[in-house]
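Lettered A, B, C and D in written order, each chain numbered from 1.
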Amino acid sequence: MTETDFLSLSPFLILALAPIIIMIVISIYRNYEVVFGFSVLSIVAAIVSIVFILPVIPHSIAPLFLVDRYSLFFITIILISALLVIFLSYDYLKQLDGIREEYYIILFTSTLGASLLAVANHFILFFLGIETLTLSLYILIAFEKTKDSSIEAGIKYLVLASVSSAFLLFGMGLIYITFGSMQFSVLEIAIRHLNQLPLLFIFGVGMMLVGIGFKLALVPFHMWTPDVYQGAPAPVSSYIATVSKGAVMAVFIRFFFNIRGFDNQSIFIVISGIAVLSMFVGNLLAIQQKNIKRLLAYSSIANMGYLIIILLTGSDKGIQAAIFYLITYFITTIGAFGVISLLSTKELEAENIEEYRGLFWKKPWIAIVMTFCLLSLAGIPITAGFIAKFYLILEGMKAGLWILIFSMIINSVIGLYYYLRVITSMFSVANENLLPSVSVLGKVTLAFVTISILVLGVYPGWLIDFIVKYAIL
Amino acid sequence: MKTLIALIPALPMISFLILVLFSGKLSRKVAGWIGAGSIGIAAVLTVIVSVDLISALPEIKSYQITLWQWMSVGNLSADISFRLDSLSLVFCFVITFVGFLIHSYSIGFMDKDEGIIRFFAYMNLFVSSMLILVLADNILLVYLGWEGVGLCSYLLIGFWYKEPENGTAARKAFIITRIGDTAMIIGIFILFLSFGTFNIQDIMHLASAKWVAGSSIATITAVLLLGGALGKSAQVPLQTWLPDAMAGPSPVSALIHAATMVTAGVYLIARTNVLFSLAPIVQGFIAGIGALTLLIAGFSALTQHDLKRILAYSTISQIGYMFLALGVGAYSAAIFHFMIHAFFKALLFLAAGVVILVLNEEHDIFKMGGLRKKMPAVFWTFLIGSASLSALPLVTAGFYSKDAILWFALSSTSGGVVLWIAGIVGAFLTALYSFRMIFIAFFGEAKTQPSFQAGYLMTIPLVVLAVFSLFGGFIELPASLGNFHLFSNLINQSLPVVGIKNVEHLEWLFQLISSLIALSGIYLAYLFYYKKPVFIDSFNHSKIHHFFEIGFGFDKVYDILIVRPVVWLAEIDKKDFIDQINISISNMALIGNEVLSIAQNGKLRWYLLTFAFGIAVILTYMMTK
Amino acid sequence: MLSVPVETQILFAGILFFLGMIGLLVRRNLVFMLMSIEIMFNSAGLVFIIAARHWNQPDGQVMFIFILSVTAVEVAIGLALILQVYHHFKTLDVDAIHKLKDE
Amino acid sequence: MILIYLILILLAGALLAWISGNLNHVLPRVITLVTLIVDLVWLIIYLLQTVAFSNKWLIDVQHHWILQFGIGVHFALDGLSLLMLLLTFFLGIISVLISWKEINSRVGFFHFNLLLILAGIVGVFLSLDLFLFYFFWELMLVPMYFLIGIWGHENRTKAAYKFFLYTQASGLLMFISILALYFVHGNSTGIYTFDYIQLLGTHMSASTGLLIMSGFLAAFLVKLPVVPLHNWLPDAHTEAPTAGSLILAALLLKTGAYGLLRFIVPLFPIASSSFAPIGMILGVIGILYGAKLAFAQTDLKRLIAYTSVSHMGFVILGVFSFNELAYQGVVIQMIAHGISTGALFIMAGQLSERIHTRDINKMGGLWEKAPFMGAIGLIFSMASLGLPGLGNFIAELLILLGAFKSNVLMSVLACIGLIAATLYSLRILQKVFYGVKNTDWKMNDLSIREKTIAVSLVIVIAGLGFYPQPVFNIAKPALLKTLDEHNEKTQLNSENLKVETDLKSKLYFYK
């Protein structure tokens, strides 16, 4: 290991050290604020460290790591999202009884796993990253162990995620057996000269798709999503929706483009089918949903359906569109779950749409944040979601994916319906129920989210420039 | 002098605006005098302009004035411009002069009515529109006036809006005339697209230059314009609205539904005579319609009970005469009859108005009786009107005007015996039903007592009109009786002269026949309705009587053929079936939601099963591919 | 040494994996389900061993070690969660746990 | 820059109105009113001072926005958009005035939405960048949705959904078409841009043109609306508050008509020519079917809403006639319909404010109680049946004449619509104002404020009827340009076809 190696791994080191330090601190002096402050600092430090890595990239630590602009970009997104989740968790956890400092430890390990996925260039790191992430998530989901629903969600996620991991692993094994390498770049070279991919390889990719499809909550591996989103604490749900999915997407894009999956017809068709099904099933399931967490879960299924269209474009621009989409999706999802977690109390999770009735007239700013998030999810102009969808459709059309684009259009309309339902109830006549007051931290986070949505919606040029510059494989 | 022409329609319009804008601040009397006075001034102006124009004839045939450019789009241009020639002069004169008399009468007639200001506003608007109609230089402006008078007719028929029936009658009038108007506007389209102008004179010149007589385009255009004329002038088959239009106040019936508006069709055909001469079939058709209408309406008039309805059918019938004259190319005769008809029919309506007002809204002639003694002024003027209507030989104006038509129906190059016979039968019917009114309403014993006597405001116009009904005819005397052609010389400045077959020496014979027919009609009326023989009673209860009474069942037929299907059409799809498509789409989404939602049952093993199923499908697909 | 073709070896691993899946589907007890998952993981690990043997590389073996450690963590967390499930639901029958669902 | 400022002023006014709504109820109204008047006056003064009415764009502003995709902020004003802008500001002011008493809850937010919609509409009328156009096109939906959904009548939620989903679905199709056009142009010239001026000359095959155009058509025909895509309209119009109905009918529908003129005709000359017969048929169906449904309604607002469908049928009929007469007619129809239908909606609003029902079967005899209102109702019913002397007549006349030029049958069928219009217009009068009053409503005639509104509308509609020439003059260069762009291409195309067939026949001859 050289100095450069260590330098380029510094974010991971920080992320790995932080939970250890927290553990030590807790064992000496248990204080929620201290742990929280330290966590924030660590994440910020990790983000800052990225700036120092920039000069040395691309740097490969053979055979597992590949630290390049693409991975750093994703790590940045992941870390910022994690930071926002931490901010939102602060209030949410504060009102809980019992032990809550450990939450941040687990959050760090899972963020570590997610970040590892972004630099993975090898099945081993792929597997380890995804397992680190998932294993931490089991705990996070079941973190409110006094609640039935939290435990139920945890066990469901555990069983299903394990099965999907097993599939992923088996698929990796099959690919390894065909080409004798677990490194993406080696696989790429091996495949380049083949006219026809070996069946075993395609089979392997198919099984990996199961694992990845599960993590991204794509149909038909989506069934867990609503239950887990509902059962998990709201910040954790937002974490699953953003960090977990983003990281898996990062490694999947890299892997998929390395093996040029879009060139293979059967993979192409399977992914198209999954995409179309995800859009329709996700949106249709949402239209009558009364629980807002489940609704967002279904919406995330549909959104991931939109997103994986981009895999089939097979172009760098497609990746950029996907990243832009992911970023806006992260922001809006965190915003939406943020509102939920800020409005939740110890006794009552603010998850029924009924509880949002008349929110606008009681807490206008919160309602506006929620409205912007939902409009962004629906892809209405002046929100980031609109530009993101535009970008996605643009690249999809460039690649001639007409059927997928049209089913996306149809689904945008269906989707609009249930987003409007929530908005409508927020703007209708108020009911009597009381809402908790929102802390400054929560307000700042939401304000950040809203401003980002607006800025990206009206003036997205700079981010696109940024993505074009940095997010290249 | 020219600017005065613009003032003629402008005065009533100004008065209308004053009445509308200051409706809250004017007293009832003042409003009436403003309304009537503006028309009076307009009448004076008309006379001044007339004298000027007539003295300039025949060197200058018309005065023309353009107020402003209405629109100019591409090659389309239309101005707000007026043109006064001898034809419009006659119309202007009748409109302003008779209009003034009727307005003055109305001050008395509407004295008690709460809506008197509204009434005069509408009336002024009507006069203004009517003047625009007859003065307009381009056909689009004619159409503006045409629709304007239609609107006023609608408003005035429904003037007493509290009775829903009045509204219905008004609506009927508007819709039926609108059907004709739509045909007319299509005709105007054809004219514009053929000649690139709306100017009537230009159109006429270009039409005679470009179109071949009897060509299909000329025929179609003529038919379409005729549609408008039929609607406005209540000719078969669009005549059914006029009897119902009697729901309006009597002055309205006198002015709009007897003297002026309903003759707009006559004006239109006379104005665009070149087109009709290019379409001889249509012109023959006009004569036929005129003959048919005058008979149908004559029979119907014979059986009515309502005083105003009798007069309404009589109006239809008399306009039938005018159409007959137009059809045979006797334009001056048609216009002459229009003028005389305006006098005596206005007189009759006004007199009837007095009767009805005085008898507290009693319309049924069989409940009147004996009015001769109670209201002598009304009786005598009514009698003069009826005599003029029945064309009592030599002494009444109606004789000269109707006789001219009958004569031309036979002697014109496009006339014929059939048309003449129809006219003669009509003349007989006219005399019969006119004196039926007289004998039933004014003779015999009184059945209803008059509540008060009409004031001078109402009786003076009656007297004036009676004078005109008697002596108005002497400006135009047939060859056999003095051969004085003041009127037709004037009219022929702007309209073609009728072509005559070589039968002129027999004119006196036919005049004699028609005179006898009229007299016999009066005598029979005396027999039937004064002496009251038994068989008249049985006739009154016969089916044929009923058939006549309902106007030959046109209303019923239209009800079945048009009204009910339209209502049915409106009713069947009230909720808009296309909406069901939306609903079914959203229902599909809801069903999809419910089906999928069943799968989200929270059971882990079920999730695993779908998981496994999904894998199986994907892997099987990949293997088989 | 008996040489078995690599396809057969993979098939064996595949059957093992399939059995694990079947076990997962038919068992209701959470503990047994966890065991079935272990079987699936191990069969996947077997594939890596086979591959390592096939290509004469150590990578597969390394991967297997990683798999072992990960599954160990997995079981640890799993058992902890199962404990909590029992605590909350008083049963380990997975069919009884379905509070979270669409209404 | 004035064009950008116009929109920015509206947005700033919107925010101010919202914030001030917390202080009291009058302030937002005043702010909104001032904002609109400032916009209107500024625009007029600017035009009078600096702009020469020539053939070109009157004002043209261009900036970069999202360079990566060739998206720019390109606003431009020509005669057509100028007229639409004036209409927008005028009716904007009217809609504030009519809401003065009607809207009493959440006044600030109401006016925020109102101004936002107007900003969106102004943006639509000014945008010459397709992306920007779509941006504004969608932007006006959300506040409109709120306007219906919050201040509407009893079934407001459903109506608001329907409105939003309908327009969104069609808008997305347009969006796809915009992108397709972007690619077609980019692939043939190498310049990837959304700029309207540059896209004007895009070459494409006939079938591509038709496909791309159909996306645009979907959006515009839904907005217009055209049967069978009209179902959002009756619901939305019926349920919206008066100001909402006014803006929907008078302005929002016009964006569809504007889109047809601005985009369909010049961008797709060949495709739109081949679509013209269908377009005209759709127009006629709209005229007749809308009138038929209007005749059957008992809900006054619904009735008026269906008359909109009928009147907008004339617009599409005119647009696909491709001649100057029809186009001028379309422009006048856009304005006159805005005024007349708007006025009828205002009347319906005033009625339901007073007697709390919109069912015309429950009305009757109101003339006695409110003669002024009756007179206004009369005038605008007459306008809607196309009485000469009022603006709608000029519009319908020109459209029918223009249509007659290109398709006699369709024009004649459309004329039947005039009779149908008579049926429903008179039905309004009959049911509302005639007859006896069957309940003793305590009902006042119009107040001074309402009278002012009504009279100003009457002046405009009568002015259009007797002296429409200024409107023609303003619109003429823009319309002629549109037509030229259209005709050039179609003639070229037909010449090409002719040459082709000539060649073919020659070849055949030589064989």
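Throughout what follows, contacts are C-beta pairs under 8 Å (C-beta built on N, C-alpha and C of every residue); 3 or more make two chains touch, one makes a residue touch a chain.
Keep in mind that what you see is a predicted model, and the values were worked out from it rather than measured.
The set of chains in contact with chain C as well as chain D comprises A, B.
More C-beta pairs in contact connect the chains of B-D than those of the other pair, out of B-D and A-B.
Averaged C-alpha coordinates give centres for chain B and chain D that are 38 Å from one another. With each centre defined as the average position of its C-alpha atoms, the distance from chain A to chain B rounds to 79 Å.
Separating the centre of chain A from that of chain D, both taken as means of CA atoms, is a distance of 43 Å.
Computed from the mean C-alpha positions, the centre of chain B lies at a distance of 96 Å from the centre of chain C. Chain contacts: chain A has residues 155-156, 159, 163, 167, 226-227, 285, 417 touching two or more partner chains. Shared contact sites, meaning residues of chain B that touch two or more other chains, fall at 597, 600, 602, 604, 608. Across the whole structure, chains are in contact as follows: A-B, A-C, A-D, B-C, B-D. Of all residues in chain A, only 361, 375, 380-382, 386-387, 390, 393-394, 397-398, 405-406, 409-410, 412-413, 416-417, 420, 424, 427-428, 459-461, 464-465, 468 touch chain D in the complex they form.
Considering their complex, residues 20, 23, 68-74, 76, 80, 118, 140, 143-144, 146-148, 151, 154-155, 158, 161-164, 166-168, 171, 174-175, 178-179, 181-182, 185-186, 189-190, 192-193, 566, 569-571, 573-574, 576, 578-579, 581-582 of chain B touch chain D. Taken together, the chain C residues at the contact with chain A in this complex read 6, 10, 13, 17, 20-21, 24, 30, 33-34, 37, 40-41, 43-48, 50-51, 54-55, 57, 59-60, 62-63, 66-67, 70, 73-74, 77-78, 81-82, 84-85, 87-89, 94, 97-103. Within the complex formed with chain B, the residues of chain C that make contact are 21, 24-25, 28, 94-95, 97-102.
On chain D, the positions that touch chain B within their shared complex are 162, 227-228, 230-231, 234, 292-293, 295-297, 323-325, 328, 364-365, 367-368, 371, 375, 378, 382, 385, 387-389, 393-394, 397-398, 400-401, 404-405, 411-412, 415-416, 418-419, 422-423, 426-427, 429-430, 433-436, 466-469, 472, 476.
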